[in-house]
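Here's the structure we're looking at; comments come further down.
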Amino acid sequence: MKDIEWARINKDVLASLESPRAAFWIVLAVCIALVLCGVAAEVYQYKHGLGVALMDKPHYWQLYISNFVFWIGMSHSGTLLSAILLLTKADWRKPIYRFAEAMTLFSILTAAIFPVIHLGRVWYMYWVLPYPNQHTIWPNFRSPLLWDAAAITTYALSSILFLYVGMIPDLAICRDNAKGWRKKLYTALSVGWMGRATEWMAFRKTYVLIACFLVPLAVSVHSIVASDFAMSIMPDWHITSFPPYFVAGALYSGCAAIITLFVMLRYIFKFEAYMTTEIMDKTAKLTFAIAMVWNFLNLGEYASIWYSNDMFEKEVLIQKFIGPYAPVVWGMLLCAMVAPFAMAFEKFRHNMWAMFWLSLVLQLGMWLERFQIVSPPLASNHEPWTWAVVWPGTVQLTLTAASFGWFTMLFLIFCKIFPSVSMYEVKEMVFHRRHASSRDEMEDIGKIKDEVMRSEGGLA
Amino acid sequence: MNSYANWAILMDNFLFALYMPLAAIFWCAVLHLVNGKWRYEVRFLMSSATALFPLGFVLLLIILASGAKSFPWMGGDTFGEPLNGWHNIIFFDLRQIGLFLAVWAFCSYFVKLQKQEYPTADPVARRKFRNVALLVPFIYCIYGTIMSWDFEMTQIPRWWSPIYGPYHFESMMRVFLAFFIIALFFLRKRNLLKRPTHDYVFNYCAQIMLALTIIWTYAFFMQYLIMWYGDLPFEIERFHKMMDGPNWFLFWAFFLMNSFIPFLMLIFSAIRHSPALMLFPAFSILMGTFLERYMWIISPHADDIDHTPFFSSWEDIAITAGVFLVGCFLWNRRMKKDGLYGTDEEVMERRHAEA
Amino acid sequence: MALKRMLENWSRLRQQDYYAEEPYMWGMAIDLNKCIGCGACVTACYAENNLPVVGKERCGSGHSMHWMRIERYWTEPEGTPEIEQEEASDFPERGAHYLPMMCQQCNHAPCEPVCPVAATYHSPDGLNTQVYNRCVGSRYCANNCPYKVRYFNFFEFWKDLPHPLEMQLNPDLSVRDKGVMEKCTFCVQRIRAAKDAAEDAGHPEHVEDGTLMTACQQGCPTQAIVFGNLKDPESKVKKSWASHQVELDRYEQDKSEDVRGYRVLEELNTESCVMYLDRVRDTEA
Amino acid sequence: MSENKSSSNWTRRSFIKAMGLGGAAGSALVLSGCGDTDIINEVDIEVRKEKVEPNVDPQDYVRPGIEMYYASTCRQCPAGCGVHARIREGRVLKLEGNPVSDVNHGRLCPMGQAGLQSHYNPDRLTKPMLRKGGKLVEISWDEAEDVLRKNLGRKNAKLAWLSGATSGHHRALVDAYLAAAGAKNHFVFDTLPPAVGHAANQEMFGSYMPRLDFDKARLIVSFGADFLGTWMSPVQFSTQYAEFRNAPRGTLVQIEPKMTLTGANADRWIPARPGTEGHLALALASLLVQKSEYADRVPADVVASLKDVNVDEVAKLCDIPVERIHHLHHLMTDRSPSLVLSGASAEGVQHGFETARAILMLNVLLGNVGETILPRSEDPFPALAPRMGGWSEVKAMVDGLNKGSFDTVVVFGSNPLYQAPGFMQADKAFDKAKFRISFSMFPDETTMACDLVLPVHSYLEEWNTTMPAYAATDGYLGLQQPVMNPVFGSHATRSFGDLMLDVLKHMDPNFKQWDSYQAYVMGALWTMRPALVKQYKPSVPGQTEEEAFKQGILSDGFVQMKVAKAAKIEAKVSAVTLPAEKANANYPFRLIPSARLGLWDGRHANVPWLQELPDQLTEVVWDSWIEIHPKTAEKLGVITGDVVQVESSAGKAKVKVVVFPGIHPDAVAIPLGQGHTEYGRYAKGVGVNPFSILAALFDGKTGELATYATDVKVAKIESRGKLVTLANGDLVLESNTSTQAGRELVKTTTAENFDLTEKGA
């Protein structure tokens, strides 16, 4: 990190905006194809009814909701890294927060699709919004789904704002270096940023303010997503630890996604100088800590169900482990509970490709987690008569695949239009590190007084 | 000592006697792991709280010996439902005693290693300490969860809430900090300490307490909201008993003392930076948490008994005062032994200088 | 306007016993001693309520729309005294356990609060009402229903009805389009007609007991189903509830052990309006 | 809009009614939804003053918005329940039981309810068809009537007539025609009426169906009589069963190899090895005759013949614990009066007649005759009495066809090409007739093999009378009247009565006095009126007596004829000997072709409601399956959903497995009703037809087919396929049968407790 030259930062980052390689076009084409498949599936489903998605009684919810939770979860880590680490002044976030925020935004945009295609009557989806109408009908404010609609909208708008505000200084840099349509675009977006001190001061305040707003918002958003399940009386949905569990799970899968994109960007755009092993190490440690919280809440849920001896809950738990959905549950435990322990080892954390594959495993685990939250409890509900096993059909799977295509497509386009690494913050970081390293050491020694105490007090 | 309520006060005191050392070790370990520089000022003060373990152990034995007086389910009152294997008196006693001793031993070991750890110490020792410190959060969370379930959640055996464990031990983490800064304030006031601590320690503790206050409120509210919304009688009844029972004001008192009052004070940096003003939120949290534990322990019987701790029984005052005094005595003795107090001359000298 | 209306509604909602003045509370009693599980009620319901026949494939994918269904179990629930545990047999020697299951019209319905558009609500006379026009098909209500008696129109089932089968459709109620939830209504169209008839006959607050029958009740060969107004002390259903010591607004009945009345999953606090009477078996046989 | 509305009365509700959107509830649902929030209904939809009058005077049937009820009689099975048909806008919308009918007391079974879908069935025949060049082609009614007259309107001794179970004026008309045509071959074939049991009853009690008093019995021991499901008159028996179960509660013991709906409701269900019911009955008899009070009721030679019965051996033979037999014996002696019934599974074996006699003998021993088994009086009009028919008749017809005894065959209300067992090769025999005529509503197997197909009205479109197969009161005659205009119009379908009357007019001038079958039936009833219990007097001024009479009987839906007081019932008992059952090594399992309330013998397979009504025991819909006991399934290595091949000496079939605890391990059961090769879109190609693999075994005495005697072998051929059952739990749970999983969904109490508590209630 110490070797980065000031001039190189702009050059490297701006280079990532130009002339994509062939691989880029291929991946983009695949993504667009997936999206088109998804559109076709949705049109088919729209025409014939939701039955073609192969949900049934009692599986009134399935993959659409799982996917919704998965994507909304993924959106949390962008905020975490960016906002919380900004507030706690952890400067290692700087090279990676931009793409993490972009990831946040695009996964919200992906997540928002799912409740819509999940609805039986998509064409009336605006009915869940409170708007004045001549029937004087309000939506039902008691419904967690309504809370959801409100929370997601707020979160999406705030995330866009956060991403955009944080990007203004960089857009100005782009503007100064661009030609053609890009020039016009960046000129418009950079709102006349000149880099004056007053601008910087206003910018800092705004940015911190949005961050302060976003942290509780992010927590509340996923708590509300959790309440879709927890507020019901379904066994194994009605779990008091679901709000923190969902938040932890969201951060977890989001961190894993950050690691994936971290390695990919580092490789594709040759950002080795910015996305260093040290940052990966920190990210991995953070992921590990979150994984442990998630593990604790997950195991705590199992244990407390068992502890309670509650008939309904226990039945679901038993069915989860030995029933037809057992492969999913065990797969989740293996991928999301056991696998993260690899990150306890420094050697592993420092191996980019190992981390890359691990992050994919973790995401798979978290995807399975969402599936096993939704499906098995529905399968073994209060009424044994209706117990049934349903695996998602082609339409649902197609739309799931399309959601990945959609997300990747948006992300790829973003990377080519906007700088995926924050230039100004990396410069700040380089500056601080260069100037602060010697001073830090002095401070450290200044604070260490135990030794003095030890010598004086004779602690043995 | 006939009333269940008296035993509840005893259990309440036990949990505090247990968590003071336990949470102290937790904070020592966490501050070490996140590399908080100010830990050097407080870590020995905190860890000297392990002196309370013997007190906790004696209280535990008394409580276990009291059997069904402390744990209604032991009296065969299983609320009409079969209980699972955890609700087994022998197993219960064994795991309580065994776990307590194991945790006690571990904490003593931690304290021992901590004394050998300093920036210029042998890297091997430092690494060893770090590894042990890494274990502490795990042990704290798991043991805390078990304690919360055994002593509070399953006072109604089939009442369950997976968030209860985190809610409980998170609350106890915070009350330790509250207690610690109160103690620190008075120690500083009397100039007893060998090396004075800085004011920023109060600010740091306050910041953590603020975060924990928000988390406490979140956990409490979410637990309540989910149960209220689901409205399954067996769950929400417990809350109703607390909220509408004879001691309803204690419920609202602990709720306010744990959430609004500390939150509204701790958000102001002026308060956070003032050791004297910090006494208010700290007392609020201390009292609030004490009542919180009491209300949860007593909740299954809330409509059977009309007992308000300290108001309706001198035994409560006696027990609490006794535990407090013994605790102070033990802690004081440990600090002396660890050389945390200045010599008499030093203290006198400093007092003199101040005067 | 809308806000004003909402505040008014809110203040009225906060009143205690909002429906105390309402003359009707529809309820049911089903005697499992008499129910033989023949399915007459099921077919009657199909005929009365325009239920679609979905065909083999869709039955197989769980899309059947029987508002009333008969569940058949083979085992006794745990803790049932004396019966079945007496011997380990390879056969269900005590016969099957039939449970006619339809919307329990819970007064404390889990399905109601979760609907984002308030398409399901409680009517003053105790019906858990589904407003087809308002439903957007989030299906949360069906998930939250412990009895799993809500049925979703996964397809446009009415389109499959070949001529002249559509001539049978009951014009008193609509056919449902794809994407909406539906469920047993206690034959609300008959209730409406009976209320109208009572009004025409000059006693608007009183539907004579016995003049109003649900389709399932009407068809039942053994008269296992009794339906009526729980607020009418003279009604058969009220008498049955009273004699079997089941009270509507409780989740735990304060009743003697021997009395047969119970409500399914009562412990979930659903306050359902359907009481069942224990199945009976002669242990001496 | 009509003008006689003052705007103040014009409420939203009546507006919507006038718009034709339908009545009360529909609009209530609609309005409460969009008018308001869920709490307040300010818009007053409750105020109701409606008087909607149409501009156009509608037809007789049609009073827009007003529902009407017509009384008629259900023809979905031979039970003949009375129905009330709900009519609106000239369409029948719903069938309810006729509350004043003695047969069903206002109740109706699923099949009766589903009569609507037979009536409105999209696969109904709407054009007469004639076979030309080997293919059925649609022809005009004029042509069809010409062909009909040409073929039937002459003396023809070689004419064979095949009916389904028949009674009332249809029977009278057919008999009159056959007399006019000089044909003696009227065969009646219906699969489910218990011909063997009828014969045994006839011999023992002098009546093929004495009256049974369920309510009085304190104990019913039923040897396979599925009286709640498929036995004679299920609704009627169900209503009596409900009484029987009131406190003091009667006890039901069901003995059968495969659990029927009745077995599912028994207090004790005893799975006897198939074919051994007679032995069990004899063993019980031998225990009873040890006491003289029982032994005295039968002749000494009967008692002597019972001396040899070894109860322990019988227990082994029946695969029942011997204590169970003794227990049953004590139950029988303790609870009197009782009622012992014999049904399909006991009678459908080669020694079925003897078995039925052995079972019925228990009634005599227990002194039930005269207590719960009551005499029946002579039918005042034997010509109208029900004829149930049986397998022997279809066999006789097939034999006759094979011998070339018949050149013309007329089929009405029966479907032998589907129902006759495969080995009879009824289709080949049918081909041998020169000309085949079918009166039918549906393109069933037999109809599609005929030369002239005449689409007839449904029972809701025509006039008729029906005498129930079994009625608690003697002399009950159900009336049928059209409840609506023919669905497809009079140009499409015709009334069978009208068609035959037309033919008959040309042969017997006596019949010229009636223009139509309606006139024939009503005329007959009018002349019968002195013989009726109830007399109808004009109630409206200007009404003639005949009008009053007709209105009266039509609003009742039935007439009750005066009958002579029944003679005392005398039982004639003689000794019973049963052959020993022998196992068949090649075919280890006994095949049970089980019938159920719903598809019946297959005639309702084209009714979607009934196809989608799950089997009451396995909960399977839209399919055929084979029921196999869990133990047997384990031995065969099959689970629910696997496909097995079932092979008998007469044929084989592929069918899906349902692991089912309510069956004897030596038996497998395939339900009747599916496996149609014709019969419209809902029936064709669904499942398999167990009739097709029944072996050629007959009851020695009556010549009836021994339907429960076929032995089969079973082999797995495919792994788990998609079995369509509504009991999802069955497919999820390892046990293959859904349990209550600890929930107290169905709570059970003891009869003792029930009697104690219900007395007060």
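Here the chain labels run A, B, C and D in written order, and each chain numbers its own residues starting at 1.
As a working rule, a contact is a pair of C-beta atoms (placed from the backbone, for glycine too) under 8 Å apart; a residue touches a chain by one contact, two chains touch by 3 or more.
In this text the structure is predicted, and so the values were computed from the model without any measurement.
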| item | value |
| --- | --- |
| For chain A and chain B, chains touching each | C |
| Chain whose averaged C-alpha position falls nearest the assembly-wide average | C |
| Pair with more cross-chain C-beta pairs in contact, given C-D and A-D | C-D |
| Euclidean distance of C-alpha centroids - chain C vs chain D, Å | 30 |
| Computed distance of Cα centres, chain D from chain A, in Å | 64 |
| Chain B and chain D, separation of their C-alpha mean positions in angstrom | 76 |
| Distance between the centres, which are taken as Cα means, of chain C and chain A, whole angstrom | 43 |
| Touching two or more other chains - residue numbers and ranges from chain B | 229, 231-232 |
| Sites on chain A at which at least two other chains make contact | 136-138, 231-233, 382-386, 388 |
| Shared-contact residues (touching 2 or more other chains) in chain D | 34, 37, 727-728, 738-740, 742-743, 745 |
| Contact pairs between chains, per stated definition | A-B, A-C, A-D, B-C, C-D |
| Interfacial residue positions of chain A with respect to chain D in the complex | 135-138, 311-312, 315, 323-324, 379-380, 382-389 |
| Sites on chain C touched by chain D in the complex | 5-6, 8-9, 12-13, 32-34, 36-40, 42-44, 46-48, 53-56, 59-60, 62, 64, 66, 69-80, 82-83, 90-99, 118-119, 121-123, 129-134, 162-165, 167-174, 185, 187-193, 196, 199-200, 215, 218-224, 240, 243-244, 258-260, 262, 264-265, 276, 278-285 |
| Of chain A, residues touching chain C in the complex | 48-51, 54-61, 115, 118-122, 124-125, 127-128, 132-133, 136-140, 142-146, 149, 228, 231-234, 237, 378, 381-386, 388, 390 |
| In the complex, chain C residues that touch chain B | 108, 113, 251-252, 267-269 |
| Interface residues, chain B side, partner chain A - complex | 37-38, 40-41, 44, 81-84, 86, 115, 118-120, 138, 141-142, 145, 149, 153-154, 157-166, 194-195, 218-219, 222-223, 225-227, 229-232, 338-340 |
